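We just call them A, B, C and D in the order they show up, numbering each chain from 1.
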Amino acid sequence: MTVSRLSQLSPWIDMLVGVLDRQSMTLPARIYRRAEAALILIGLLAMIAFTTQSLTPGEHLLASAVLIAVMVLFLIDALVRVALSRPITLRQKHRAAEAGDTPWAGTAWGALDVLTVLPMALVAPFSWTQTGAPLLASLWLLRFARYSGGGRMLATVILREREPILGVLLLFGIVLTGGAVLGFLAERHAQPEVFTSVGAALWWAITTLTTTGYGDMVPVTLFGRMIGGAVMIGGLGTISLLAGILATGFSAELKRTEFLRSWDMISKVSFFENAGAATIADVAALLRPRDFPARSVVTRRGQPGDCMYFIVDGEVEILIEPKSVRLGSGAFFGEIAILTGAPRNATIVTTKATQLLTLDIADFRALAASRPELTDLIRREAELRLGKGPQ
Amino acid sequence: MTVSRLSQLSPWIDMLVGVLDRQSMTLPARIYRRAEAALILIGLLAMIAFTTQSLTPGEHLLASAVLIAVMVLFLIDALVRVALSRPITLRQKHRAAEAGDTPWAGTAWGALDVLTVLPMALVAPFSWTQTGAPLLASLWLLRFARYSGGGRMLATVILREREPILGVLLLFGIVLTGGAVLGFLAERHAQPEVFTSVGAALWWAITTLTTTGYGDMVPVTLFGRMIGGAVMIGGLGTISLLAGILATGFSAELKRTEFLRSWDMISKVSFFENAGAATIADVAALLRPRDFPARSVVTRRGQPGDCMYFIVDGEVEILIEPKSVRLGSGAFFGEIAILTGAPRNATIVTTKATQLLTLDIADFRALAASRPELTDLIRREAELRLGKGPQ
Amino acid sequence: MTVSRLSQLSPWIDMLVGVLDRQSMTLPARIYRRAEAALILIGLLAMIAFTTQSLTPGEHLLASAVLIAVMVLFLIDALVRVALSRPITLRQKHRAAEAGDTPWAGTAWGALDVLTVLPMALVAPFSWTQTGAPLLASLWLLRFARYSGGGRMLATVILREREPILGVLLLFGIVLTGGAVLGFLAERHAQPEVFTSVGAALWWAITTLTTTGYGDMVPVTLFGRMIGGAVMIGGLGTISLLAGILATGFSAELKRTEFLRSWDMISKVSFFENAGAATIADVAALLRPRDFPARSVVTRRGQPGDCMYFIVDGEVEILIEPKSVRLGSGAFFGEIAILTGAPRNATIVTTKATQLLTLDIADFRALAASRPELTDLIRREAELRLGKGPQ
Amino acid sequence: MTVSRLSQLSPWIDMLVGVLDRQSMTLPARIYRRAEAALILIGLLAMIAFTTQSLTPGEHLLASAVLIAVMVLFLIDALVRVALSRPITLRQKHRAAEAGDTPWAGTAWGALDVLTVLPMALVAPFSWTQTGAPLLASLWLLRFARYSGGGRMLATVILREREPILGVLLLFGIVLTGGAVLGFLAERHAQPEVFTSVGAALWWAITTLTTTGYGDMVPVTLFGRMIGGAVMIGGLGTISLLAGILATGFSAELKRTEFLRSWDMISKVSFFENAGAATIADVAALLRPRDFPARSVVTRRGQPGDCMYFIVDGEVEILIEPKSVRLGSGAFFGEIAILTGAPRNATIVTTKATQLLTLDIADFRALAASRPELTDLIRREAELRLGKGPQ
């Protein structure tokens, strides 16, 4: 928000803001993100190479150079981002809050940007090899976190299923401690140099409970092996429970997120504007949002038609002869193939970054059963289009 | 129950009972529980340290002192709990049972308290190091069990899915025994000093079936390796099946528990008092109970609004100018943000320990489709409030 | 069926048939089954002991004696079962088939009985130790198979999800073979004595893919370790997929089996006799069948009431003063606790082996919403009973 | 399509096309596919044998001969397939595309056929042992891919759940890199010859994260073991999440695929031709398609009846006396057993390759509740048939 206000100052800043905007689908912004991803991977490889002892001094130097170069680039990126967001005074911030704005949205991500590069930048000047500065490159991987809705969803699921997850962890702790103490009692006389203490036995118990089984500590007595077998089976049960809880929570959260995203997008599609709340709730559960960059192919002539599309925002071009047709926000297409079962009769490409909602053929049929009035509308439009020419 | 009768005797006992009550949300009770948790963890660490051989005699003594101190504190706690529940004579117990009361509810937990500390207290006076008394500190971990609904839920699921779980365990047993006998036959001539008996082969089979794979016993013959591969794949199948059964059961039990808890709480919310059974059944499946301690923030001004709240018990304060508003049991709030899509227009805090039911925005919309009369009521109230000022 | 005809010949045979009937819930039959289970476990322990090299000759002899004794008992059991089913001539069998009967039902289990004991009986006379006869005791574990519906259900799920399971196994095979060949190529020069052939590499690949990881074969080259990492992650994916397929299939099969069992039982409950197909389908999805042996406690006075019961077959006694009440097939009980929320007001025991259908409190409330006429009937009966005295 | 045009040229080509058609259910085509599968497995075994060092020169030669023979057969197969599809000129292709045809359908599979055999054929002439040509036989396993819908379904699920899967992989990457760097820091002084570099620590981290645990690198310091334990638990969480995502996606995709397949088949069954869209959508969710080759037994007299059948395409023969009855496409059978609960009263076999839709008894009853008009039709037909004689 503040960034967009700033952007009125100069077209250069305008462009910079556009490039740095991580939600933007424009070409420069996407290239910038790709470049950042490449830099992260290159930096990680250089870090791994740096610690390899078989490197020649020259290769060692090269790895250091790469690391420092990437660090400097990330520092510049962080400085520019901070600079672009600096002009917000406390007073502005207050006013924005009054207006219901969330001016510091993205600050968490901004802090992440700074945090991933600052430690290395602070430590590097003192000593490059003694301080282990190159290893701090591993922090850069966290920069990917922002591109993934998965991480946020994971956090939500863990928060929501907090109680059963804590229950499983408690169970885990009880089996772990109990197994370690019993294993220690069973093995301390047979292998006093291996099962030296409860602490050592805890290490054995955790490698056993997670079924990792390094083999550095292995029970040899009958009682120790029975404890070991019980801990293994307890491990399987715990993994199973955890998988069950996370799977259940994840599935529900996935459905919920898609429902909300679809609901918001449906309100922008003119086709649904007269539909009641009940209809929209039904439809929102079926539609799946998809983003297409500009000039990308949505459907290809001759392919089987397994879904139809509603345009939320953007524009598509239907490549038919003699003259291509363009459809804008609110329109739908691709319905002919799912009504007739024939393959796509035209290739369709986006002319700019476009948000679509897709309705799967299976869901279309289920919808035809429960909301015939909606699919009848689509059917009538399809008949009109077929009368006019291929869609 | 009996505890509450006793509590009329004296304000001191009153306070003690309140502090020791494990369902209580008052500050002293919560501090007491936190302190107990800290003691358990300190005790466990002292136990682990005690067995470490590299300790100096001084450190050894310190670990012992910590263990004994924690033990004494838990003993006192157990004695106080027993003392507070002692006045129930058999006759009182009988009368309580007649009245439909369950006076000994919590006795199972009380017994657990005693059981976790008694063995060590009994053994310690005789010999501290010879009897392994310090290792009994591992029992203290069981004291956490009471705080977790997860354990109880786990027991319910295992009980309910008893039959398929037994089926999987039988399968497990058949693969285990079969694998051990075949592995013994395959390897006894090639490695007579490793695969010495069917018992030893059973240990190999269980480390293989659970995919732990210590590597202390590894087949070397072609036939032995084929058996090993089959046992591993059998292990994956068994884990998968177990995960499937537990996940299915857990998911159903979770839904059932929340439904019952919501149902009980809905009956206390005045908003739903005229709703029929069908409506309540629908709503109970959607609402999620949440507990807030006193003076905690429920929503913060400017945050996105993703759910609305019904107050079951307690009170919240809406921090708006010029004058804050308080809402008590039965009221609802937070509906404006989900109706308008705007961020929260006020920070809301609890004034005392408060039980809320939350209705997610996705579920609100689904409810609007199936029970429009309910959401219309909420909408009308929101309009009233918006007319009066920010909520 | 034929067995029941035979049983008219003599009361002795009658009793034997009753004892041997594996579906029977009578006391002698249950004791016989318990004894058989104990014999299987004793036999397995004797088998494991037999191969242990540290045994004294006396212990060795004891283990042999136990094995032979159990074998003889199982042989007698098999002979009696065969004898009891012998009189069916081919003609009788044909006639039974015409009548829609399935006279050889149970023959598969009968064959299993014979197969688990015959090999040892045939081999033992020639040589006890040379032929490995004692190891054949591991077959006895298969005798448990009949008591578990889990195994049958597993078979159904595997059959039904045949195609996706084959797909996963194919994927497994491709990753396995590809991993083995690439691992062989990567490691054959670095560790020629370990990765000797593709066959050896296959053993490495399967221990890696199943994440068993014995550690007897470990890649040391960079390329070998990258292959290893890829195979491990492929293994996790494969396990996840398999778990997903089995979990989905198992959950569906579990629901289907319970639905059918409930449906069959509902038809015997008089309360539902006037209900239409739609109602029965609804109810059958909610009820869960449970078997109680004679003189077992169904509910205990003072316990919380979380479900109500319908009697399919058998009889229960409600222990109230002054005089206990008995309810027979078709009646229901336990509805008062779920209607009022109070704890059980009476202890209820079975007087003979009894089949009940339980309706969970959560499902009762959901049913009250969708089928109020049913729950109203239950409510009215409860009011009658409360008028008459505690239930 | 083009293949079918070609087939007018000559009956020989006709036959060849039929045999090579991988969707065909005729006997020669099925024998050809079985033979191909056998050849793949024989080839793989020969490849594994070839690299075994303990082979005699003669056995070595035999393995080579088998490999070359299978390679030549697959080459011929590929050439014939290419030859049969050659006559399509570019112009024909263009015209077919205009007509909405997909003439190159199957080309992807065709390319696969060529790709699995071409590399070996190209490399083998130069040097058989030096180039590792025999190892290329592992590519043949990919030929199975086409028979499995599982692979395609897997691809769909991975594509659809792309975002959460990427989120999990990112999490995986973060735990892996972080674990490796911390593990390296913890262990490099204690075991400098084992934890030599971050690269080596990465190998340790991946064997730990996937719970493989070879044991070639094991932390020995307290801090290293704490890192190890955290990585293991992180591994369990990651596996659980992945399992949850894949299970959810797979279950939805499985349902969707079956729904679409049933929908297409229902339209060919005359019984449903007057049913509305809502009914068909309901029924399609319940029916399961099954393919039977010619002369296979569908139901056997005396077996319990757990489903009924609709004939989509093909013919079945009901073996009753005095005269068998034949039913063709559009008919249904097996309804008597599920209506009466009696076992099947006749054995039913297919006379040619037949596609059936099965309706499970549980689903039939649920359908009876929601669509009584459909099941009434079936009931009436059953009464007619029972009047005429056994079905």
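Convention: a contact is a pair of C-beta atoms (placed from the backbone, for glycine too) under 8 Å apart; a residue touches a chain by one contact, two chains touch by 3 or more.
This is a predicted model, so every value here is computed, not measured.
A.B. asks: Pick same or different for copies chain A and chain B, depending on whether their interface residues overlap by over half.
C.D. replies: Both copies touch with mostly different residues.
A.B. asks: Would you say C-D or A-C is joined by more C-beta pairs in contact?
C.D. replies: C-D
A.B. asks: Can you compute the centre-to-centre distance for chain C and chain D, using the mean CA position of each chain? Integer Å is fine.
C.D. replies: Using C-alpha averages as centres, the distance is 30 Å.
A.B. asks: Rounded to the nearest whole Å, what is the centre-to-centre distance of chain A and chain C, using the mean of the C-alpha atoms as each centre?
C.D. replies: A distance of 42 Å separates the two centres.
A.B. asks: For chain D, jot down the residues that touch at least 2 other chains.
C.D. replies: Each of 199, 211-215, 239, 243, 245, 247-248 in chain D touches at least two other chains.
A.B. asks: For the complex, which residues does chain C have touching chain A?
C.D. replies: 211-215, 243, 247
A.B. asks: Spell out the residues on chain C that touch chain D in their complex, using ranges where they run on.
C.D. replies: Those in contact with chain D are residues 97, 100-102, 163-168, 170-171, 173-174, 177-178, 180-181, 184-185, 196-199, 202, 208, 211-215, 218, 222, 225, 228-229, 232-233, 235-237, 239-241, 243-245, 247-248, 256, 259-260, 263, 276-282, 284-285.
A.B. asks: Which residues, counting only chain D, touch chain C once they are in their complex?
C.D. replies: Touch list, chain D to chain C: 44, 47-53, 132, 135, 138, 141-142, 144-145, 148-151, 153-154, 172, 199, 203, 206-207, 210-216, 238-239, 242-243, 245-251, 254, 301-302, 342-343, 345, 360-362, 365-366, 368-370, 372, 375.
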